[in-house]
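Shared between the two complexes below is chain A, which has chain B as its partner in the first and chain C in the second.
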Partner chain A sequence: MIRVALIGNPNVGKSLMFNNLTGGKAHVGNWPGKTVEKKVGVCVHRGVKMEIIDLPGTYSLTARSVDELIARNFIVEEKPDVVVDIVDASNLERNLYLTLQLLELEANVVVALNKFDVARALGYDIDVEKLSKLLGVPVIPTVATTKEGIEELKDAIIEAARRKRRPPRIEYGREIEEIITAVEEAIKKDVTLVERYPTRWLAIKLLEGDEEVLKLVEKSPYRDEIMEALS
Partner chain B sequence: MGENPEVYLIEKRYELIHSIVSQVMRGERPLTLSDMLDKIFLHKVFGIPIFLALWWALFRFTFDVSAPLSDLIDLAFSKLGEIAMTHVPNERLASFLAQGICAGFGSVLVFVPPIFFMFLGLAVLEDTGYLARAAFVVDRVLYKLGLHGKSFIPMLIGFGCNVPAVMATRTIDTEQDRVLTILVNPLMSCSARLPVYVLVGGAVLGAYAAAGIYGMYLLGIGLAVCMALLFRKAIPFFKAERPAFIMELPLYAVPTWRGLFMHMWERGSDFLRKAGTIIFAVMIVLWFLSTHPWAATHGGVDVASSYMAVIGRTLEPLFRPLGFDWRCVTALFFGFLAKEVVVETFGLLTGAGGADLREAVSSLFTPVKALAFMAFTLIYVPCVATLAAIYRETGSLKWTLFAVVYELLLAYAVSLVIVVVGHVLGFP
Partner chain C sequence: MMPLAMMRDGEVGRVVAVYGGRGLMRRLAELGFTRGERVKVLRSGPGPILVLVKGSRVALGHGVAMKILVSGDRE
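Up next, the complex of A and B:
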């Protein structure tokens, strides 16, 4: 069974997309130890069974709010086969920030370019192929309200699960890349960290001063080396 | 790379996003009406004055439209009281019905029209999408002043009632910002304080009543900001880095009548429910305290020799510098139960209702003292329900007590300043 996580900014039509994929049948519970609702459903497409997990709607993946932490921990720790990032096509610029963060997390991303009709009505013309090439992930235009593009999205999910690709790297410029590499080298000495997390992501989060990642590194036997590379 | 690597990384990501979007997106988003409105409402210079002007319009609307309705309700209850007094043979029961039930309910229900209209106006601002803009405009200022942008929503709710407002601080991410917002929230003038302003302001300030009431709201906002700044600077607990404020601005929309009335009813009926339960119980206690000992008060006529007067007179010396007499002090004392109780207490103490109450109150205050009293009502201890909410949300007796003590001191200080400045300027 393929495990698929749904993520997206608030108000992008994520719940509607969840219903389209699962036929509205969902098991509703809570995220462990949290009051945030967790919805899980099943989708069968061309004989392939998919488990769809609805993540909380967020703008980014920092450690600052409960919702963001739940979404991020799920992707980092549970490693779903595919992460469907639902992007509001009429508000591309803002929505892509989350997409970049998912790429940085080295998630196996499929972008659903939702509200494609609204974008068109507003006068936008989006080059879907080029967007897919630039992001290095499949991009499927969808309209959740009319179920347009849903079948194509399911195909893309199965395809992505079969053929896990390495997401492209976001380059931050030489000066900071040097620090990122140095920190990453230090992190790579800790085998448990390497097994569980993308090392480049850990390095970037350390640079950002992310509290949760700092706590992780605190427990590492190579803590001093990592912190030295950071400063 | 600059001082903050996090900001640098975010900027780099946005640069990349910008370059991607410019490559894949053709066609330009036409300038919608929503964008044009935002150009005005979110303007760097005009944003704040527009916000203040709309807030003022809301107040004018609230009081001008509701005044005749309030007068009508008032008239009905004083007539009912008179009927009870003349037709009920048992003196004590008659006094209870007239001075307890009728005067009490009357003095609360009179404030139902302004409160409903206020919430109707607020619903218009909210459903058109302006309220979210107001949060955005105010955040620019709030952030500099030591509060978080997300504090604005609980602060706005505070204008309705501080209890849900304190609970609404749950949306704030950091502990420091949350506690700070909770501590200054009671300074947002809730709807229960409005009846006090309307009574005292309306009775004493004459043509300047609306301005005085509007002033109280501004004073509350100003003090909240000052206190937030002070606490942030002076208390080590609040010194921490603060995240930026991200908020979505919905498109402007024409509100529906159904939506407006739903919002108005939800919040307004909340007040009504309170008026029906807590206040009813308090009213009976107050009636008892103001008419007993029955013999000494000559059957509830002479309030000056009642238990209530004893409480007021005991506390009076403390308030002499502010020029509040024992009746004002008694009213404030009972206002701790719920701030609108101040109005009922005045009603019982002066034995008057409606237009008579207004007259009775006007004899208690000079304009300067009225302002000082309104300010005191605004600032001093939050009501019991709000205190309970503060305790529940902070989980700390220390912060709850801190809220009580700082607000009492602040109320006294501000009222004293008003009285002193008033005297210096030559007002009686």
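Up next, the complex of A and C:
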């Protein structure tokens, strides 16, 4: 079974997309220890069974709010086979921020370019192929309200689960890259961290001063070396 | 120029600066309050305000809205 996580900003049509994929049948519970709803459903497409997990709607993946942390921990720790990032095509600038964060997390991303009809009505002419090339991930135009593009999206999910690619790297320029590399090298000495997390992502989050990641590193036997590379 | 908290219903402006610690600056940037961004006050204070920014409605507390400096944008 393929495990698929749905993520997206608030108000992008995520719930509707969940219902389209699962036929509206969902097992509803809570995330362990949190009063945040967890919805899980099943989708069978071309004989392939997919488990669809609905993540909380969020603008970003920092460790600040419960919602963001749930979404982030699920992707980092449970490592779903595919992460479907539902993007509001009529508001690309805001939405692509989350997409870039997912790529940095080295998630196996498929972008659903939802509300494509709204974008078209607004006169936006989105070059889907170019967007896909720039992001390095499949991009599927969809309209959740009329179920347009849903079959194509399912195909793309199965295809993505079959061949897991390394997502493209987001470059930060020579100066910052040097520090990222130094921190990453120190992190790589800790086998436990290497097994569980993308090391480049850890290094970037440390540079951002991310509290959750700092806590992780505090427990590492190579803590001092990592912190020294940071300063 | 004035703090976002002091703008009235329906007024439009552009973000000039955000004054705050690293955490707040980052949070506001993620919500769409970046320099030069157009903002529209949908419901003004006193108290929390509702702002349209980058196509989304965002509610901000008065204290936070005082930290966002906005210039008037006549249309």
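Criterion: the second predicted complex is superposed on the first by the 231 of 231 C-alpha atoms of A that agree within 3 Å, B and C clash if a C-alpha of one lies under 4 Å from a C-alpha of the other, contacts with A are read in each partner's own complex, and residues count from 1 in each chain.
By our rule, contacts are C-beta pairs under 8 Å (C-beta built on N, C-alpha and C of every residue); 3 or more make two chains touch, one makes a residue touch a chain.
Remember, predicted model here, so these are calculated numbers, not experimental data.
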* Label the relationship between chain B and chain C on chain A in the superposed model as either fit or clash. => clash
* Have a look at where A:Tyr59 lands relative to chain B and chain C in the superposition and call it first, second, both or neither. => both
* To do: Could you look at A:Ile204 and tell me whether it touches chain B, chain C, both or neither (first, second, both, neither)?
  => first
* Is A:Asn11 in contact with chain B, with chain C, with both, or with neither (first, second, both, neither)? -> both
* Look at A:Glu195 in the shared chain and tell me whether it touches chain B only, chain C only, both, or neither; answer first, second, both or neither. => neither
* Asked: Of the partners chain B and chain C, which touch A:Gly173 in the superposed model: first, second, both, neither?
  -> first
* Does chain B (first) or chain C (second) touch A:Asp127, or do both, or does neither? -> first
* So, A:Tyr97: does it touch chain B (first), chain C (second), both, or neither? -> both
* To do: Have a look at 7-15, 25-33, 43-51 or 115-123 and say which bit of chain B overlaps chain C after the superposition.
  => 43-51
* Of the residues on chain A, which ones does chain B touch that chain C also touches? -> 10-11, 59, 64, 93, 97, 208-209
* **chain C to chain A touching residues, read off their complex** => 22-23, 26-27, 30-32, 54-56
* **Of chain A, residues touching chain C in the complex** => 9-11, 59-60, 62, 64, 88, 90-91, 93-94, 97, 208-209
* Structure fact -> Within the complex, chain A is touched by chain B residues 1, 5-6, 8-9, 12-14, 16-18, 20-21, 23-30, 32, 173-174, 243, 246, 248
* Asked: Which residues, counting only chain A, touch chain B once they are in their complex?
  -> 10-11, 59, 64-65, 92-93, 96-97, 100-101, 122-128, 130-131, 134-135, 170, 172-173, 175-176, 204, 207-209
